[in-house]
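Below you'll find a set of structures to go through.
Each of the two complexes below includes chain A, the first together with chain B, the second together with chain C.
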Partner chain A sequence: MKEYALFLGCLIPARLPHIEAISIKVLDKFGIKTKDMIDASCCPDPVVMKSLDFNSWLAIAARNLSLAEETESDIVTLCSGCFSTLSKANHLLKYNAELKGEANKLLSEINRGFSGKINVKHVVEIIRDIGKETIERQVKKPLKQLKVASHPGCHLLRPSSILHVDDPNVPTIQDEIVSWVGAEPVNYALKMLCCGVGIKMVDPEANLLLLREKLANLKETEANCIVTPCPFCFMQFDMGQKEVSRKFGESYTFPVFYITELLGLALGFSPEEVGLHLHTTPVMEV
Partner chain B sequence: MSKNKEEKRVGVFICHCGKNIAGGVDINALLEHAKQLEGVVFVAENRFTCSDEGQTTIRDAVKKHNLNRIVVAACDPALHLATFQRVGEEVGIDPAFTELIDIRKWTMPGSPQKVDQEQALENSKKLIQQTVKRIRLKRVIPTVEVKVEPSVLVIGGGIAGVEASLDLADKGYKVFLIELLPTIGGKMALLYKVFPTNDCAPCILAPKTAYANLHPNITLLTNSEVMDVKGHVGNFQVKVLKHPRYVDEKKCNADGICVEKCPAKAPSEYSMGMGERKAIYIPFPQAIPHKAVIAPESCLYFQKGVCRVCEKFCPTGAINFEQKPETLELKVGAIIVATGFEEYNPSEKKEYGYGRFSNVITQFQLARLLDIDGPTKGKLLRPSDRKEPENILMIQCVGSRDEKFNVYCSAVCCMYALKHAQIIKHMVLPDAEITICYLDMRTPGKGFEEYYTHTRDLGVVFIHGKPNEVREDPKTKNLKVAVEDTFLGESIVFDADLVVLSCAMVPAEGTRKLAEMLRIEVDESGFLKEAHPKLRPVETNVRGIYICGCAQGPKDIPDAIVQAKAAASCADSELRKGKIMLPEFIVKAGKTS
Partner chain C sequence: MLALRNLATREGYAPAPLKNVLKALLETGHEFPFTGYTRKLRRELGLSETPPLTISSPKALEEVQKLLKTAGASNLLKFSEMKK
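Take a look at the complex of A and B:
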């Protein structure tokens, strides 16, 4: 059975450890093992750090990649941001000899080096590759009552020429998984809109406006919950709904799921195992 | 004429081309270099070698210094080689012994091949040296007189092809007009109206197509395609495949009974997928020939072996299911290619949702919806619920001026968007809000700017910006269009019931294949390439083959007609004398191939 190096990043271990727990359990159900990446650092962040100091961004990413290369296993990430950084860095280092040379010069100071022999995957891709039949066979509690609006987020899909996860304009990867666990995917106009969290530190006002636009659109549909493959989007929806509701005098209470939580429930894990009690927006339906 | 053992006396003429060459290379160094080459007995420089003065310099030098070889170092041979060959001939030098070489491409500002002074000198020296050597080794290519066929093949029955055919037929040539579809008229027949006069397109087209059908000198071959071309100017041998119509054109009286009775439906090619047709159909009211045709891929008899209802009801017994494809062999003196264009398929531009969102359509589809002979009889009903749209938004430059797809400007999209806006405002839905999102409005034509101004006066809103996304409400199928108005510097989201994409013209399917068959060139965008972009716009690299209309590049109807007439005139000039001189090897190759 395939064993992946599990790259956790920052947000999940610090603030959403239940996502790590249920993800490991869900993958294990399908015979997919994960091992911790000892000494892994921040990925680092695919927007700010990359813009401020590209070479350091690449070198730190190269160091993380080299840790997985040592154990000769592909990386799985649970976070779209980590996925974006590590995939892009891996691509650049594999196909741009000059960048690889520069990164390796820096890494040589700590006796490391990038060689380019592994791949990086997002957990959503791994679930898709497990396939419809295998997943449907394992579903114990089909989530028939859920009408799920999937939020793909930004960093899972773009740049599509490097990531190759799904169509960047019309992604279906999460909707497919939603239907495999017996729930009903709901299409909506603003599916591709950003959740807003990316600009929270720069412009908190705009951040809430974006989130509100998205939530207002969801309210017009029959969706009764949201699913996302990204812990940042998860936090934005889970916690941000309260803030938007308070600020604009409206009421948004969509339960929010991380993609493996949805699988966990369908596979028969208890709500506590899944970590639903740790959500900010209560999950009543389940 | 020079004898074989005769001394080779080469004159080298170096052109300044104003500053185009002189500004980028040391002319004196070139002269010094040329002077010492073996066989060179005379060198000269000229400010403009192509001018009358420059030509005189060459003639005088030939006489005075007894030259028998001329090398002109100047510009592209496609531009002026014929000129200098004529100058040479005037003083007794065979055309084979006059060479024009292009040293200007390395020096002219803006040339894609421009290099620095030093490199230009190096390149030019080498080219002059090689050419002098080559011209000393060259022999005269024997020419022979060939009788030409007084007939022309015109490929493509759109407005350009029809116009060229009529011109040549009127001049007395026998014309074979070949069209792949069952009717001539091409894309123009489907435009409903034309800018800037707002004339009804079929009304101004139909007299021409009808006459083409009746003209004693024109043989119309619809449902036909060119399979093979051999030979040379004056004597091309063309193999044509005529696909069966399954209707005897002589017997069919186009009463439409068969169409009425036919039980099988399919999306109509002539309404751009906006409507349906029967398996047996007459493409549109002005179709020429005005005869029914059976599409075997949608016919129940051909698909399942049952039906033949049309045959039962046809009062003239015109239906013939036994028709077989026919191969025809034609002999023609010249060929005109007018295969036209297709509308760019915008589904690869995913952010606009064409193909995913039912209320996102193209301008060609809109034209069909507006046409009183179209699938909705001129009512503008949006596809999702067949309701009249209140907010219509048009997006310009879809698939054109876009480095991801086509870089060229498609030339007519601004005008046809204005035309449709005017038709809607004047005749269809005067209260509809129309917004046009554009990058630049390009209206360079007679009466075009006035047409644009008039459209503005009608209350059409123009937004300077290219929309980045079209979103659909899955329930109502209404659309939202996000665009940055770059004049205001603001992001705007428009509500629209109908989004219309102004798509580029792209070469018709099969253009490249046909070009290969004819051995003519295509440009980087896939359009047929002219012999010279400025001076020989309808000729090709093959003598006797001419191009016109949108097969050569995007253009409007008057430009297509101008080119058609030019192509007809070129063919006429070539065939008029009834005989031409051709290099012997070409004639020999033509006979054995």
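Take a look at the complex of A and C:
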């Protein structure tokens, strides 16, 4: 039985704990255990912290990686931002001797060190590796009523030369999972467009314009819900729809699912166990 | 591009919301605070009220703060605030 060090990050445990709870339950159903990453901090943020100070970004990421190394476990994370930071930092430190030396010099002052012996995975990769047959066999409630627009987000896929998760231009991983739980994947023109959340801090207007662009495109399709593997994108769609509707005098009410929520429903967990009552945009009618 | 952004920060031009992220990291080890509502929600979901992260470990926070100080980020924040 495979056991992973679960890297929670900041947003999920503090704002979206229902995603943490259902993800652990879903993985457990497939015999995949997770253990706490004791003393882990923010990953840190792949955009903000790196923009402010690359060396500090790398040092904090190296500390988090060293915590998992101590437990001799690969990391699984539920957040695409954390995945981006930890994967890129792991890659840089494994293959750039100079950066590794500098990071280890910093880490030695807190009696830690990076050796490069673990890997970092996003939960979507774990689900993909569980595979079609195993997942289909465990599905108790096929989600036949769902026509799902998949939003991959930015940080799961790029740079593909380091992350190796999926085709960065034509990703299929989430659509496959959607079909394994009995739902229908819906393609759309702006699938690869950013949801906008990454620029919310510095340009709230542009953030809403991007989200509106995406939602307007989805309205032209048969999609009746959205699925994403990123908690930031999840929050942007789930909460931002109301803001976009109000600002532009339009109406967007797509139910939004984090990827393990779809799995959870299909595996037979109740809507309450999945945490659907905690969503801002109502889900129950789908 | 990254080097230019880092340089802009050192010169005191980082946007305030970004500096707030660094401030939160320095003070708690995390970007988002745990509120009373968060703890209640976590308990209702069968999770520990506060997970065993830096936020609940003074020793871990000390490590994070030391790294940020040695790597330079905490000084950037001070410099940036002074310039503003």
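The criterion applied here is as follows: the second predicted complex is superposed on the first by the 284 of 286 C-alpha atoms of A that agree within 3 Å, B and C clash if a C-alpha of one lies under 4 Å from a C-alpha of the other, contacts with A are read in each partner's own complex, and residues count from 1 in each chain.
In this section, a residue touches a chain if its C-beta (ideal position, glycine included) is under 8 Å from a C-beta of that chain, and two chains touch if they have at least 3 such contacts.
These figures come from a predicted structure and were not determined experimentally.
Peer 1: Report clash or fit for the pair chain B and chain C bound to chain A in the combined superposed model.
Peer 2: fit
Peer 1: If you stack the two complexes on chain A, which partner ends up touching A:D167: first (chain B), second (chain C), both, or neither?
Peer 2: first
Peer 1: Residues of chain A touched by chain B versus by chain C: which partner has the larger set?
Peer 2: C
Peer 1: Mind working out whether A:L278 is in touch with chain B, chain C, both or neither, as first, second, both or neither?
Peer 2: second
Peer 1: Identify the partner contact of A:R15: answer first if only chain B is touched, second if only chain C is, both if each is, neither if none is.
Peer 2: A:R15: touches chain C, not chain B.
Peer 1: Quick one: classify A:M192 as touching chain B (first), chain C (second), both or neither.
Peer 2: Only chain B; A:M192 stays clear of chain C.
Peer 1: Given Cα centres, how many degrees, to the nearest 10, is the angle at chain A formed with chain B and chain C?
Peer 2: About 110 degrees, rounded to the nearest 10.
Peer 1: Just to be sure I read the superposition right, which of the two partners does A:K50 touch: chain B = first, chain C = second, or both, or neither?
Peer 2: second
Peer 1: Would you check which partner chain A:A59 touches, where first means chain B only, second means chain C only, and both and neither mean what they say?
Peer 2: A:A59: touches chain C, not chain B.
Peer 1: Rounded to the nearest Å, state the minimum C-alpha distance from chain B to chain C in the superposed three-chain model.
Peer 2: 19
Peer 1: Could you tell me which stretches of chain A are touched by chain B in one complex and by chain C in the other?
Peer 2: The overlap between the chain B and chain C interfaces on chain A is empty, containing no residue.
Peer 1: Show which residues of chain C lie in contact with chain A when the two form their complex.
Peer 2: Per the stated touch rule, the residues are 2-3, 5-6, 9, 14-15, 17-19, 21-22, 25, 29-35, 38, 41-42, 45-47, 51-54, 57, 59-61, 63-64, 66-68, 70-73, 76.
Peer 1: Spell out the part of chain B that touches chain A in their complex, as residue ranges.
Peer 2: Touching chain A from chain B are residues 350-351, 356, 469, 471-475, 480.
Peer 1: Provide the residue numbers of chain A that touch chain B in the complex, in ascending order.
Peer 2: 167-170, 187-190, 192, 220-221
Peer 1: What residues of chain A sit close enough to touch chain C in their complex?
Peer 2: Its residues touching chain C are 8, 10-11, 13-15, 17-18, 20-21, 36-42, 44-45, 48-56, 58-60, 63, 106-107, 109-110, 112, 201-202, 275, 278.
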